[in-house]
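Chain naming follows the written order as A, B and C, and within any one chain the residues start at number 1.
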Amino acid sequence: PAMPSALDTNMRFKFSIFALLLQVAITVLFGIFVKYKTGRQSEGLHPLFQDVHVMIFVGFGFLMTFLKKYGFSSVGINMLIAAFGLQWGTLMQGFWHMEDGKICVDINSMINADFSTATALISFGAVLGKTSPVQMLILTILEITIFACNEHLVTGIFQATDVGASMTIHAFGAYFGLAVSLVLYRPGLKNKHENEESTYHSDLFAMIGALFLWIFWPSFNSAIASDSDRTKAIINTYYSLAASTVVTFALSSLVDRTGKFSMVHVQNATLAGGVAVGTCADLLNHPFAAMCIGAIAGIISVLGFHFLTPVLASKLNIHDTCGVHNLHGLPGVLGGIAGIVVTAIQR
Amino acid sequence: PAMPSALDTNMRFKFSIFALLLQVAITVLFGIFVKYKTGRQSEGLHPLFQDVHVMIFVGFGFLMTFLKKYGFSSVGINMLIAAFGLQWGTLMQGFWHMEDGKICVDINSMINADFSTATALISFGAVLGKTSPVQMLILTILEITIFACNEHLVTGIFQATDVGASMTIHAFGAYFGLAVSLVLYRPGLKNKHENEESTYHSDLFAMIGALFLWIFWPSFNSAIASDSDRTKAIINTYYSLAASTVVTFALSSLVDRTGKFSMVHVQNATLAGGVAVGTCADLLNHPFAAMCIGAIAGIISVLGFHFLTPVLASKLNIHDTCGVHNLHGLPGVLGGIAGIVVTAIQR
Amino acid sequence: PAMPSALDTNMRFKFSIFALLLQVAITVLFGIFVKYKTGRQSEGLHPLFQDVHVMIFVGFGFLMTFLKKYGFSSVGINMLIAAFGLQWGTLMQGFWHMEDGKICVDINSMINADFSTATALISFGAVLGKTSPVQMLILTILEITIFACNEHLVTGIFQATDVGASMTIHAFGAYFGLAVSLVLYRPGLKNKHENEESTYHSDLFAMIGALFLWIFWPSFNSAIASDSDRTKAIINTYYSLAASTVVTFALSSLVDRTGKFSMVHVQNATLAGGVAVGTCADLLNHPFAAMCIGAIAGIISVLGFHFLTPVLASKLNIHDTCGVHNLHGLPGVLGGIAGIVVTAIQR
């Protein structure tokens, strides 16, 4: 089988030539600007890098396979965006940290390049099924460029701390995607499309993505932490996720008339604890606090899926295919607030 | 789609309120008792922790998806039990090792918390399809509490060695589950239920679980080994699993009338070598011995599935949905015996 | 369900007894020759080993599940070959490096044992659906024996460098498999068989394999690199794969009449960058060069699938089930050529 694309007319040459030109341009820019970092290496980060890499390609890719007819697009276009985005992200982030006019790459910069693609993948979740591959490449270029500038502003200029990137990646990616979704809105989206359903097997495929995200989130939130705070970031994320998972099952059963668990909640809201604890994962001095943040994130996320998403679509014309607002948007904002509170209390 | 549950009547409030109360109670207990470990950290264990984490959530979760209609329950309830159990396990194991009235958590304690959930997940395999989520939460509380006491007795008081936990996790979890299954027995289970079948795709999903368990078992058996014996535990588990896999394929073909391989054997008996070599993985001084243990475990496991499981159900009223007796029970006992023999010979 | 086998007649005893005898023989040889390595250990390689282990069992196994009726055979027989092959590979590679008449095993030798099985698994891809398990065991014994001799010749005697094994594993495995496929050729294979098709779900299962291969390829190409060159090998593989992925999507859309992406290309040609950069991953002094190699590999691979595979089958009677010639054969040869060029320029 072949992967369906939204716009088949002229797709053949339009996409091919655009993608090839982009790859040629990036390769030339790499030839001019990029070299290996010399001196002290970040080899010890390699296992953390591989964990993050699994999250980006398997985690995000399979999480979006829950729709019965977009499995190929989800996991395939996810791969395309991530493979293109990590090259673009290397350049965009690198331009802010050049040494002698050169961008130096090492394991640490690869982790950051993977991180930068996450913003585009989150936005992809909001517009899944409504965009062509060409549009996604353009969105990726724009979003990663803006992300790199914003991240430099937040962590470089303002010296704000956001180790797990609740704000700079999750909230940013979600609201960027929702904005694009608003622009792409067509009246037909108001009525739930027949393709907008999951099947038994598509939900199991999505669980592969959800679980690999869940499992490796401690690595995500600790990969760019300082060596002394890394263990704390791992532990906090571990307990925050555990709390948000139990709460998600409880709330999911509560909001359903027959008390059943919704697979959408299980696949998404269980992860909200990882998003929300991101900003302060390396700051919190008590696992108890991480659990509270995780539990609140789980509650917000389930309620968002149940009550807010339908309202966004019907009243504000924002159609959010994968519900990224509930997984990345609201918990990301919660994470930012938690970061402010924790910083205010502890310092 | 939504996940089916065994008891829908009153499920909605019963489960939700019970789960929320448990999470509140655990959070309060964490607030009172749990703090981060200070001083020398166990950061080098982080990759081993992530491997074990994959086994618990993806390995155990997907291994149980082989039944055609219990895919959601398997992988979803597995996630619920594990996320709840790791918090409860932290407390139960921690109470035996308090310092100044506090439970100190680090990467090592997270590995042990993940381990403790394995007991409940193994028992879940025996009762899959016969219990409600509320019952599973109660079972998890009871089992992890007893496990923590038993483990303290075995490794703390008796000073017995059980690095891969053949006895304390695998045999314990299996026989606990079988006991629960006996209690839950209803006459209808005697006739094979129509839902008790696998399909082409459900068997492939189960292979995801089986393979991730198989691949990371060397990490499971070596995670709590001493630094000097870790490599030995990894190597022994690697060769034991390889031997049990070849023997499993041979025996599976031999016991089938047409010489075909049974997917149930491939998904389960191939792992028996990892269970059986667990107790003495860090003691064995020869890879040859690990291979012998693995081969015997593979034989026992296939014969158990083929001859023993039907007898247990029809004669003893013990219905073992996933055949945990053959994967965790018998090979766990074999591992205990191997541990005694090896200790007697080598010391 | 049970796994189908090509030759059911007498399969039952033939396969069982052959496999058991092989396991007994290997166990005896291990008893005589194999011991643990003493002295300086290679413990730091454990995370790299686990990454490679995932590639061998999940990566290769699921990549071949794309055919609608060979899912069990692919992932099951893949597991059998790998579990048997890693034991045989330990012996065959070990015989060339004995110390005092003993083969010493450690994490490094386990990585090499996993590598040796890759040759047989690549060949299996060429003959999938055309061989019985007994034939596959024989093929594995022959191929790994020849591989170990060839590898000793190339890296031991000629002192050639092939860190990611583009030539010694990928090209070798592909052309060995194609030779076997030629021998097994039957006229009926000329017409595309009805089983030689993928379905929606089988293609998603294959993506699991493709993605885990893609994600962990940096570990594959750097696992046996020297400590000082490891990071370079990781970075080069990362960017080579990214470039080959973007190019693959572009070319795949270009060669299709309707501009759609072919799942076969997405599953395979995206990986060609990892194969082709293998030989010189630790030598290249510029990420730019790795990107060029990756992009060329992606182009060659897609063109191979589209134009060459049908010609091989119809003109040369070589039927290549999984298209290993395009994923491992051509990119492997390209990798060898790149290695020669890089060595000539840089030294």
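The working rule: a contact is a pair of C-beta atoms (placed from the backbone, for glycine too) under 8 Å apart; a residue touches a chain by one contact, two chains touch by 3 or more.
These numbers come from a predicted model, not from an experiment.
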- Working from the CA atoms, figure out how many degrees chain A turns to land on chain C, in steps of 5. 120
- Item | Shared interface numbering between chain B and chain A [over half = same, under half = different] | different
- Using CA atom averages as chain centres, what separation in Å is found between chain A and chain B? 32
- Two or more partner chains touched - positions in chain A: 47, 201, 208
- Task: Would you pull the chain C residues touching chain B in the complex into a rising list?
- Result: 1-5, 8, 10-17, 19-20, 22-23, 26-27, 30-31, 34-36, 41-43, 46-47, 50, 53-54, 57-58, 61-62, 65, 71-72, 75-76, 79-80, 83-84, 86-87, 105-107, 110, 133, 201, 205, 208
- Task: Spell out the residues on chain B that touch chain C in their complex, using ranges where they run on.
- Result: 47-48, 51, 198-201, 203-204, 207-208, 211-212, 214-216, 218-219, 230-232, 234-235, 238-239, 241-243, 245-247, 249-251, 253-254, 256-263, 266, 270, 285-288, 291-292, 295
